[in-house]
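Some notes on the structure that comes next.
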Amino acid sequence: MRINDAILGAVLLAFSLAVGVYARTFPAIPGQEYGASVFPTWISIALGLCSVVLIAGGMRQWAETGAVSLAPWARSGHHLRTLAITIALVIFYILASTPLGFIPTAFIALVILFGVLGVKPLQIPVLAAGITMAVHYGFYSLLRVPLPWGVLTPWAW
Amino acid sequence: MDAILLAAQLVFQLDVLVTIVLAALFGLFVGSVPGLTATMATALLVPITFFMSPVAAIGAIVTCSAMAIFAGDIPGTLLRIPGTPASAAYTDEAYAMTRKGQGELALGANLLFSALGGLFGTAVLIVAAPSLAEVALQFSSFEYFWLACLGLTCATVVGSGSTIKGLVSLMIGLLVATIGLNNPAGVPRFTFGNVDLMGGIDFIAAMIGLFAVSEIFRYVLGMSADTSNVQAPAGNLFTGWGRLFKQYWRQSLRGNVLGTAIGALPGAGADIAAWVSYAVSKRFSKTPEKFGTGHVEGIIESTSSNNAALGGAWVPALVFGIPGDSITAIVIGVLYLKGMNPGPTIFINNPQDIYAVFLIFILANIFMVPAGWAAIKSARLLMRVPRNVLMPTILLFCIVGSFAINNSAFGISVMLAFGLLGFIMEENGFPIAPTILGIVLGPLLEENFVTSMIKSDGSFLGFFERPLAAGLGIITLAIWIVPLALYFWRRSRG
Amino acid sequence: MKRRTFVRTCALALTAVGGLLAMGQAPALAAYPERPITMIVPWGAGGGTDATARIVSSLLERTLGQPINVVNRTGGSGVVGHQAIASSAPDGYTLGLATVEIGMMHWQGLTQLTYADYTPLALMNEDPAGLQVAQDSPYNSAKDLLEAIRAKPGTMKASGTGQGGIWHLALAGMLQDADIAPQAVAWVPSQGAAPGLQDLVAGGVQIAPCSIPEARSLIDAGRVKSLAIMAEKRHPLFPNIPTLKEQTGIDWTMAAWRGVVAPKGLPDDIAQKLTSALKQVYDSAEFKDFMNQRGFGMVYASGEQFGTFMSESNDSLGKVMKAVGIARQ
């Protein structure tokens, strides 16, 4: 999905203005002439200038490309749904991994994602369980990453 | 001479050799998993080294970090998911080779030139450590500021496509780097009272998001090229090496020299070395237009560079106990623990220990060839796994890797946000590599600017007062101004 | 068809999770500890705090008979990690290595956290600040240096940690006690002692008031000299370095400390078990060897005493920070 540079430029310009204004609120530090606000301000100015160039370029192309040119996936409900589910699963992991624990959360997420992507139904639970346990072994047992146990805490090893 | 014999006796012990082999396998694994870095691998080894002989302990760390830096190239090349930040500079290039069916060629080149780079760095360490450390120690914030500026220049060279979009991408990276408390003023910026944001945005989580997660998004939208069937037959990995070496020995040598030099500077390591070398390679190439389309030249130069940087980083660490990068920061602690206190006297008091370290460096880089070969061969199997099984698995690796950076779910949120950002950016022709460069260089630039201004009492002349700084400053400004001047000159004439 | 099987699989998975949740409700606490323990370190892998945490953990592991995982939670000048320790469950399965910064961050308005948010277990280490200058510096004693600063305020610069960090405070407090304005020496913020020391050798700054173990390799290399130690007594490992008081009569001391804590509200029996285990760790030969090898100072205080220590440290830090203008007004 290609958005016209003029629109992106306008969004970036607004963003850089917001950053520049917000950076004004950073406190000054005694003994530092160039304090906390200097760098964010400079970056916001540079970003603002770049966005102006983008807007100018985008306006020139507007006649040919229009505001937005849609990629094939953007018209395919199936693909958009898959994307939404993928993002939702990452959010689900972020929210659920601590209370639920790594093993159940990863298992559920993999089962759903495999299902959406069309892995053979019979293979799904086997693959999901195998991969979950392999990742858990590799990271938790070998690399000592403290993956959360959640509901499985009483059986933690 | 006696010292060298003694050193050989220290190294060629069964327990030392077994340790090295195990550490190599460990390094290969850690390096090839996105989110797990060579630094992390080293940190994980520390508690184990408590129970080892000094030589085995150092050997484990040297081998493990060298392997991890090489192994980061494997997922980068095959899946466009760099295993360590040091591979990010040329991930796109290597992946383009994979799409053309030349994945094995790319990996073979990575392996050969990584090992050569490592050997070169070692040679410099052996021959010139004390004098090189002397130079590195003279670098103060003024010089580092100019170096960071030079690094920024890489952004416009590295990214393919529109220059203005490359600059926007760089600015986004620089802005992301200002988030948090870790700035010279010690003031929270853009944290909105959130404790996790105070810690700042970790650039490894951002990198996983920009490269790997955005690639997964492209896959689920049916946009990703299926590379599983187009790979050229495996053949013999080593046959192309003679030709590659003959054709690209200059690039390899330049990468080695630059990598060792950058590695030896305290505060700049293998990541930055790879970026700079890639940009230099493109700048001086006879065929810069081929860069970005799957051309092995830039890969060779930067993969030489990041492994050479590892040896370089040991220079100030051994001579002055000042870390050359985050890995040697850990190494210094281990050296003290083992009674091998760093300092110029380490070369006089315990020469056999130092020679043993050198020997291990050489062994590790030689052993890299068979171990890396096996890793590349087994990575081929990975490419045969159906994509609809592989991609969710990679997503899980990314999630766990982002979690492991700071052991908190915040890293996963960062990963997801940058995955979306990277996807949108690439859809609209913004290169993502400059964003990473911005996040890496932002703190270096700001810190060294602010501290320089404090030291020079607010005078910009400070940046040209020291001879070293003045030289670097003039080079930087020339690189910036000359192309612009030429451009306007040509325009005014034609 | 495919779709239906998929939905069924999902339903099955959810039922299974529900069952697990129900089972999780029945905790039967046997003798503590019965599962692995996590030790949170607010600073990065490879630093002194990390090394201390790792040696304490590996020895504590032996005493308690359960694995202890060291977990680095870095960033935000220690705020992130200290917050993570305080907000975990006080069940004895999450411990942390608190550092001197816990008595500093809240004065700067960075967090609400104070020492009172933790159950103190054991103080393990204390490293006093030193007063380092480059080897070729014209000053050979703390007295000379102070007189030079007094004579020409504003000409010298110092570095060794971030703005408002512990060594910044050490220097500012020393100047204040010597009746010199704390701003007489400008502070150049750095990412820790190593870059600050490098700048000292490169000639960018004139003073690095970091701890002596941090400067040790450069002292041994003959690049840096330590003029004084800001402590009551000389350091047993560096007996040639005089105290600040010996040289100048200024009674100013400052030290960074590290101690094991748990979240607030840890049950007494668990706290006691941990304190006595930590005492064993502290007394072990391995711990002593390690600390001496690294040159880290050894100081011990357990439970209540450690709590009092943190409270005193907190008050004195607050006083200095307000006086030198680092605390948020």
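Each chain gets a letter, A, B and C, in the order it is written, and its residues are counted from 1.
Methods note: contacts are C-beta pairs under 8 Å (C-beta built on N, C-alpha and C of every residue); 3 or more make two chains touch, one makes a residue touch a chain.
Treat the numbers as computed from the prediction; the structure is a model and nothing was measured.
Trainee: Which chain is the middle one, judged by CA centres?
Mentor: Taking the mean of C-alpha atoms per chain, the most central one is B.
Trainee: Taking CA centroids for every chain, report which one is farthest away from chain B.
Mentor: C
Trainee: Roughly how many whole angstrom separate the Cα centroids of chain A and chain C?
Mentor: Each chain reduced to its C-alpha mean, chain A and chain C end up 34 Å apart.
Trainee: Between chain B and chain C, what's the gap in Å when you average each chain's C-alpha atoms?
Mentor: Chain centres of chain B and chain C, defined by C-alpha means, are spaced 30 Å apart.
Trainee: Distance between chain A and chain B based on Cα centroids, please, to the nearest Å.
Mentor: Once rounded, the distance between the two centres reads 23 Å.
Trainee: Where in chain B do residues touch at least two different other chains?
Mentor: In chain B, the residues touching two or more other chains are 184-186, 407, 450, 454.
Trainee: Any chance you could list the residues of chain C touching two or more other chains?
Mentor: 71, 163, 186-187 - these are the residues of chain C that touch more than one other chain.
Trainee: Going by the contact rule already set, what residues in chain A reach two or more other chains?
Mentor: 29, 31-32, 116, 118, 144, 146
Trainee: Which of the residues in chain B come into contact with chain A in the complex?
Mentor: 29-30, 33, 36, 44, 164-165, 167-168, 171-172, 174-175, 178, 183-187, 189-190, 213, 216-217, 220-223, 386, 388-389, 391-393, 395-397, 399-400, 403-404, 407, 409, 412-413, 415-416, 419-420, 427-429, 442, 445-446, 449-450, 453-454, 458
Trainee: Contact residues on chain C for chain A in the complex?
Mentor: 2, 5-6, 9-10, 12-14, 16-17, 20-21, 23-24, 26-28, 35-36, 38, 69, 71, 163, 183, 186-187, 325
Trainee: What does chain A use to touch chain B in their complex?
Mentor: So the residues of chain A in touch with chain B come to 1-3, 5, 8, 12, 19, 22-23, 26-27, 29, 31-36, 38-40, 43-44, 46-47, 50-51, 53-54, 57, 71-73, 76, 79-80, 82-83, 86-87, 90-91, 93-94, 97-98, 102, 106, 109-110, 113-114, 116-119, 127, 131-132, 135, 138-139, 143-147.
Trainee: Which positions of chain B touch chain C when the two form their complex?
Mentor: Within the complex, chain B touches chain C at residues 39-40, 42-43, 46-47, 50, 137-142, 180-182, 184-186, 188, 195-196, 198-200, 202, 266-267, 319-323, 326, 329-330, 332-333, 336-337, 339, 341-345, 406-408, 447, 450-451, 454-455.
Trainee: Which stretch or stretches of chain A touch chain C in the complex?
Mentor: Chain A reaches chain C through residues 29-32, 100, 104, 107-108, 111-112, 115-116, 118, 121, 124-125, 144, 146, 150-154, 156-157.
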